[in-house]
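Both of the next two complexes hold chain A, though its partner changes from chain B to chain C.
So, the complex of A and B:
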């Protein structure tokens, strides 16, 4: 069963339940306060889901880690680390950080 | 390797590095990979799949092969830019390891996490270990607010629609058992970000186990990021396709 089918089944189930209670085909005659809540229930659900989505995305955004320390440490260690082994093998004769520019020295 | 190392002596990790115009980054990432594996004692090889880079990446790779040895650096170039999925297939055909590690060659992914991937895989005997930017102390560097919003928003929509059981689906820093990756490559049809998502979704379908390791994603030390409107649209199209077909 694909996710789409699962969603459609779930929506169909909820929709049937809501229609049965709200449109009252079985003649259950629910009390008025219940009916007043039932009718806009799908809208309530949508709004609640919207609020949940915003809150969740907002929270995750706020707690999204910024790896500043990792980036700084990486840049300095990697630039130190690169030059030494490449100097030993004659790949780099001057400069730091990157391999040589135009024209390789080997 | 001593006999006392047991299973570890028989595990070999093949790192697939698809490259395009990575002349500056390639020596650095290869050096970091070699150091990482030497520190953790793992047996490894690095397969560089260059797609005919006009900036001379292939020549740099040939120099690296001379430095580190052709048993450690394997060059398997292609004539032109053919895409990530086919690069993986091409690389896997030449991989002699029983585990495959895929990662970006532009230094967004740091090889220091690889020992953690290996450790996690052994802990849970996972078929796949995926690096996640969204859990634990995983994170990003170099992203502005807009990019973060898009990323978190897209991830949220993906989680709601696909319920994939993994926190980071578009990440491309992963460790796979070789036979698992081969099986998944047969089944996956998408491209780009969606391709990485489809791998996880199909893995779930096929009953493979997935472990996660928090990683830091440092955006493009030397390059430029590419996340435009077109990418977002194609992501959504791909997501809806996965939603409807898996």
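So, the complex of A and C:
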């Protein structure tokens, strides 16, 4: 089963649960505050996901480890023709690097 | 507060390997804005129905219909802007037709 099918099954399950409670085909007659919370719930989940995405982007932007000294050094070395192209080992020879901070987990 | 400590730690740690000040400002501004939006929207959708309608807190929130229409319109506007952006970029990058002799 592909990831897409898994996600679609999960969404279909949640959608069915929401429709059963909100459209009330079983005649459960939930109390009014619960109904009022339930109706906009899919929109609420979308907005919550949007807020999470925005916060993640902002946090990663703020904690991105720029290495200004290494960038300047690399730029000047490449302008002088001292930077060699990537070899098979995948190593780029250039001068000062900077210790990258905690690697991004995703 | 732990949030303030975290921000200070990030701003003052490791002089090498930090985001620029503008990046940090914009980044943490985005975090604060999305947190505020989430808290407001959560109170609006989840908490308010359980509070009596004569409580003073209701005057800080719009009528309930707007809690659905505003995100839907915002989402449509977002799709519109993304579509217009794609059209503009593709229009700029179109190759001119060859002239035949």
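The rule we apply is simple: the second predicted complex is superposed on the first by the 68 of 106 C-alpha atoms of A that agree within 3 Å, B and C clash if a C-alpha of one lies under 4 Å from a C-alpha of the other, contacts with A are read in each partner's own complex, and residues count from 1 in each chain.
In this text, contacts are C-beta pairs under 8 Å (C-beta built on N, C-alpha and C of every residue); 3 or more make two chains touch, one makes a residue touch a chain.
Being a predicted model, the structure only gives us computed values, none of them experimental.
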Inset, instruction - Figure out whether A:20 sits in contact with chain B (first) or chain C (second), or with both, or with neither. - result: neither
Legend entry - Contacts of A:60 with chain B and chain C, given as first, second, both or neither: both
Inset, instruction - Classify the contacts of A:43 with the two partner chains as first (chain B alone), second (chain C alone), both, or neither. - result: second
Inset, instruction - Determine, under the contact definition given at the top, whether A:33 touches first (chain B), second (chain C), both, or neither. - result: second
Legend entry - Overlap of chain C and chain B interfaces on chain A (superposed complexes): 57, 60-61, 64-68, 98-99
Inset, instruction - Quick one: which bits of chain A touch chain B in the complex? Just the residue numbers, please. - result: 2-4, 7, 53, 56-57, 60-61, 64-68, 70-71, 74-75, 78, 81-82, 85-86, 89, 91, 98-99, 104, 106
Legend entry - chain B residues within the chain A interface of the complex: 23-24, 27-28, 31-32, 35, 59-60, 63, 67, 107, 110, 134, 137-142, 148-149, 151-153, 155-156, 160-163, 216-218, 221-222, 242-246
Legend entry - Residue numbers on chain A that touch chain C, as the complex places them: 32-34, 36-37, 40-41, 43-44, 46-48, 51-52, 54-55, 57-69, 98-101
Legend entry - Touching residues on chain C, where the partner in the complex is chain A: 10, 14, 16-20, 23-24, 26-31, 33-35, 37-38, 41-42, 45-46, 49-50, 64, 67-68, 71-72, 75
